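The following pair of complexes shares a single chain, subunit A, combined with subunit B in the former and subunit C in the latter.
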Partner chain A sequence: MKKAYIGIDKKLARWGWIFITPSLLFFSLFSFYPILNAAYTSFFRKNILSLKPPTFTGLKNYIYLLKSPDFWNSIRATFVFTLGTFIPLVVFSLLLAVMILLVNKKSQKYLQLAYYAPAVLSSVVAAVIWLSIFNPRGLGNQWLNFFMNTPGIDHQWLANSFMVQFSTILVYFWKYIGYFVVIFIAGLSAIPGSLYEAARIDGADNWQSFWRITFPLLQPTVVLVSVMSMLQCLKTFSTQYLFVQSGSPQAPINVITLNIYNTGIRDHQIGRSSAMSIILFLIMLFFTWFQFKASKADSVSY
Partner chain B sequence: MKKTLIVLLSLLALGLPVFATGVQEETGPVTITFWTHEDPNRTALEDRYISEFEASHPDVTINRVTNSSSKMPELLLTAFAANEGPHIFNTQIEDGYAYIANGRVAPVNPEAVGFQSTEALTESYVDGVLNAVSEDGQVYGLPLELTNWAPYLNKRIFRDAGLDPEKDIPKTWEDMVAVSQRMVLREGEIITRRGFDFRYPYYLVSMVPMVEQLGGQLVSDDGKTAIVGDQAWLKFLQFMADWGPNGLNLGSPTYQNARKLFNADNNDMGMAMSGLYQAGRIRADNPEFYDSGDWMVIPYPQFKDAVKEVASAYYGHFYMVNGQKSEREQKIAWEFIAYMLSHSEEYLTEVGLVQPTKQLMASETYANIPYADVFAADMAKGNIVYYAENSAKIQELIKEAVEGVMLSGIAPEKALASLKVKAQEVLDQE
Partner chain C sequence: MIRTRLDSPGKSTLSPISILIHLLLLGALIFTLIPILFMFTASMMPRKDILKMPYRWIPQGFEVQNFIKAIAGNDGSFIFIRNYINSILVSGIVTFSTVLLASLTGYGLAKFKFKGRNFVFLAIMATMMIPFEAIMIPLYLVTTKLHLQNSYGGLTLPFLVNAFGVFMMRQYLLPFPDEFLDATRIDGAGEIRIFWHVVLPNCAPAIATLSILTFRSQWDNLLWPLLIAQSEKMKTLPLYIVKFAAEKYTDEGAMMAVAVLASIPMLVLFFTMSNYFVSGASVFSSRKG
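On to the complex of A and B.
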């Protein structure tokens, strides 16, 4: 029998499949399966502690959620947090990355390390650090009162509805800015220096170079950072959870993930919380698709 | 091929009985996992009980795991949801009741805990104590502690504010406001010393009784209506709004836990709400303060125009046994629980926990515990905390209402309207 000829492309493709199979399996087991399982569970009334079989309720969980003021408040809280965090994160991490690249090499390393340091902390540790800062007798009031010359004012970082939302945004911004700065620095370093030299010869100043060369060529990185930071913000949990545990009012910061947790764990209603997580998943999917579509990230070439 | 397969299957069928051993009682080493909440004083005791029990039961290993009491409910729930719960656990009855309602825990084996029958076991406890863990004539848990709260008072801070701890102790909530206003110290709006502050996350235990004093109820007697008595609830919510940072600014849930600050005696907490066990914790955290005699316990205050005398609700931490474990493991688990609970006097003297057996409550040991009389008198005026499958959710709704009026400037009427609707919805879903 004659052996079928296999081209080099196909051989390479086979090796490719072999290499990615473990990660595909891992991804399927820990990401796809839970999503599918949650989608399935969302059609049932299921008590997490009950040994009885769950009752099929069709779309009732979704209908309940869409009529629930609490759920819509969670949507509001999630979007306030996401918009309030991810836009400043993208803007300031880009600015900081550009500024870091303007200083000398030694300072660059120090600044990168300083900005990146909070990113290595777990979200829980970050929230605990900031809880002590935001305590009425903590550094938050002391610093703000010193700079604003308002001795003795309690700015109610954890109590006032507006301030508690701002506080969660501040914690997240502090924690993740360094991470995105590093990504932007990698993106900026990939832009060929010859483009800037040519622009300088043509008489362009730094401002023009940034808007005409850096920013357009950095578009794929901007999209990457936007998508990553937006997804991070949409699934924020631990900061809000710990703040509520420490006495903050829940409603202003009752983001969807916190609502999922409370519904599933505290209220034992795992079917309803699964429906919530599927809605969150669809929201995340839509905005990721929308950002890629709107930005045309793959149209950049040097 | 087919013939060979038939022959092989026949041989296998004939050979199977050779390996059959029949029903045998399980034997051999067994490890019992025991999850409980942190308490340094209790850990020392229970570690000793474990060593003693293991010495008398050579096949048994007890693996005691501690977690903070606030983390226990979710850790237990996730473990049980995965059918991997521990053999023994304890949690407050508000959280523990769901395990009974969902058939997750095993009934007490009376013989394993040293009684002839369930009736004899029930008879050994103070009347009604086991009601919260009883269903259909079976008992599903034994109390590690039955606890109510009362205010602990720092006499030195009291005197520092020009008050006399013998004459001026706050008997009413109105007195509590007046006394706290005398004791509070602030730098501008920021409180540096609180007179008294509430124990915030535990609204069912410490705040529902305030509503009951005014004639309100959490749930009607027939169990069908939530949040009964609008005027009582409104007065209570207004009281909390006045207490908070936008009112008289006497305290807030965002300040550090009052009960823990109290032990330090750092001139920043005049009074804090806690149970009898707090005395043991003061002794462990700050022996100098404990020995100084500069602290005391006063009865739970009443509103001046209270229509009913009600003190703090009492809650139980009940030891329960996972019903999904084998019968042998369940039996050993109950034997071990019984061994621990046979030291109720030591639990009381060393940890301040009351295991409400008739024998202990009538003992001299109990009578001689400082301030045990205050707690006992208050307990007689209180009810057991609201426990049901939905109690955590109901507590969350009260939290939302109280913190809404205290922190977010929501009007009591609006907070009450929202609380009524949401609590009723939860009740109707049961």
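On to the complex of A and C.
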């Protein structure tokens, strides 16, 4: 009796392994191996086209990068873009989510869908639409001139180095705002209504319930959304690539992924671009770790 | 829900705060929808109308020329059609394999007890922290070594499954009753049969959500095809758009026509399955830039 039972257990364990093996092989080949390989390659001087075997150079690639103004410019561009995008994204999506929940139920669903619509389009399409809006004779100038009462002025959305950074931020903000609104609404709806009833019985008014209940209980969602949007911003590529291809100056928006691509694929400097990839990886790892810590410290049970 | 919490009963809906809220929501609505509306209207207008001030939101006619240019391309090669089919094929293959492998793995991790299960799960979750951008160079080297550039194999290989999909399917299957599985086992069903006929059909909502997320992320993928597809024939839609935009920067109508054509599959999906899009977003996905 006992023996048969163990047999079934073992058999099931074997099936468990059978079910997970294909994915496990996949992840080993296409995630773990490449990241180790990238780390390894980053210590070599390696050129795709050259037939010479790569030479070990230790930390030279990293030292080169740390001394390279071009690399620091990428770090700057990436952080300007990330900070400029994720802070307004979090603030405005939270604001919109709270406001959506204040209107009647029927409009809530349609509003969510309407705000979400840009996220459905692909990022290249988003960039192309805005490329036309930012045309010197396009809608961007028309609207801005209308609101600022400055007729006939070209704001150089895609040419001026400040404006081109702002333009990429605007595209990204537009595309992702609805996405985060949906997440915030999910977070807000997860707060049990009984807490509010209890507060009301205790005599709390609306402002008090918001600041004492909603706000603290929503903090994990805020942290999550912040880090998620931050990680996404750090990886941005499509908008910047398309803008540069269409004639915008590269330097202001030469984000780190664009630099990795150009260094590795266009300039064939595999070692150097691997080192850059590892630095990007470490930056993102830091923020993920930070998220983990922050969400643990904030986690509440109700 | 919040409505009952924050609105004190009996408050008139026309209070200044309520008006302000509605105005702000309306402003945000205009901000998100106007560019999409612009895409559609401009795709139907001749250039002189697009740049007219003020912009006329209702097209006077339908400028077929824009769509002809979009499909024929800059050189009249009609490579657009091939690139479109490539995008559908690549997104389709990746979606199919992601759903299959993620549900297999998710099921294995959720419903079978074996040594090292938690370690395997954590290891798979750890890959979520590896951004694609950090491993694209080694992936590119592997793919070129295997001579898979300019092939569907090369375009799809790195995306056949992802950690997020595994996570999602596992979470979905965790509450699935073990007794039910055991009962079918006692009835003599094999494990593969159970997976195919019992587990998969019960995962339909999760599979729909995962399919949409995966399809969209592939439809959107620019970076990897940029590395792998050099030949015009193997390029995907995003690459076509970039090239078209770079060369036809001044022809807004044609550019918007390309954008419309590229968006149609996603918009159709969105209008028919919007619930899955929205639920996909709230399953805290941390993918895609």
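Here are a few things to note about the model shown:
FYI, the second predicted complex is superposed on the first by the 261 of 302 C-alpha atoms of A that agree within 3 Å, B and C clash if a C-alpha of one lies under 4 Å from a C-alpha of the other, contacts with A are read in each partner's own complex, and residues count from 1 in each chain.
Heads up, the rule we're going with is that contacts are C-beta pairs under 8 Å (C-beta built on N, C-alpha and C of every residue); 3 or more make two chains touch, one makes a residue touch a chain.
No experiment lies behind these values; they were computed from the predicted model shown.
The superposed arrangement places subunit B and subunit C in clashing positions on subunit A.
Within the superposed three-chain model, A:L51 lies in touch with subunit B and out of touch with subunit C [touch as defined at top]. In the superposed pair of complexes, A:P118 makes contact with subunit C only, with no contact to subunit B. Touch criterion met: A:I265 reaches subunit B and subunit C at once.
By the touch criterion defined above, A:S161 lies against subunit B but remains apart from subunit C after alignment on the C-alpha atoms of chain A.
When the two structures are aligned on the shared chain, A:N135 is found in touch with subunit B and with subunit C. Judged by the touch definition given at the top, the superposed model places A:P249 against subunit B, while subunit C stays out of reach.
Of the two partner chains placed by the overlay, only subunit C lies in contact with A:T41; subunit B stays clear of it. More residues of subunit A lie in touch with C than with the remaining chain of the pair subunit B and subunit C.
The single stretch of subunit B with clashing C-alpha atoms against subunit C, selected from 45-53, 63-71 or 189-197, is 63-71. The interface of subunit A with subunit B overlaps its interface with subunit C at residues 48, 135, 137, 245-247, 265, 270. On subunit B, the positions that touch subunit A within their shared complex are 70, 73-74, 77-78, 80-81, 98-99, 102-104, 186-192, 200-201, 245, 252-256, 389-390, 392-393, 396, 399-400, 403-404, 407-408. Considering their complex, residues 9, 12-20, 22-24, 26-27, 30-35, 37-38, 41, 48, 92, 95-96, 98-105, 111-133, 135, 137-139, 142, 174, 177-179, 182-183, 185-186, 188-189, 193, 196, 205-206, 209-210, 214, 224, 228, 231-238, 241-242, 245-247, 256-257, 260-261, 264-265, 270, 273-274, 277-278, 280-281, 284-285, 288 of subunit A touch subunit C.
Those residues of subunit A that touch subunit B in the shared complex are 47-51, 134-137, 141, 151-154, 156, 158-161, 245-252, 262, 265-268, 270. In the complex of the two chains, the subunit C residues touching subunit A come out as 1-8, 18, 21-22, 24-25, 28-29, 31-33, 35-36, 38-39, 42, 50-51, 53-55, 101-102, 104-105, 107-109, 111-115, 117, 120, 123-124, 127, 129-142, 157-158, 160-161, 163, 166, 191, 195, 216, 219-220, 222-223, 226-227, 237-238, 241-243, 245-246, 249, 252, 255-256, 258-259, 262-263, 266-267, 269-270, 274, 277-278, 281-282, 284, 286, 288-289.
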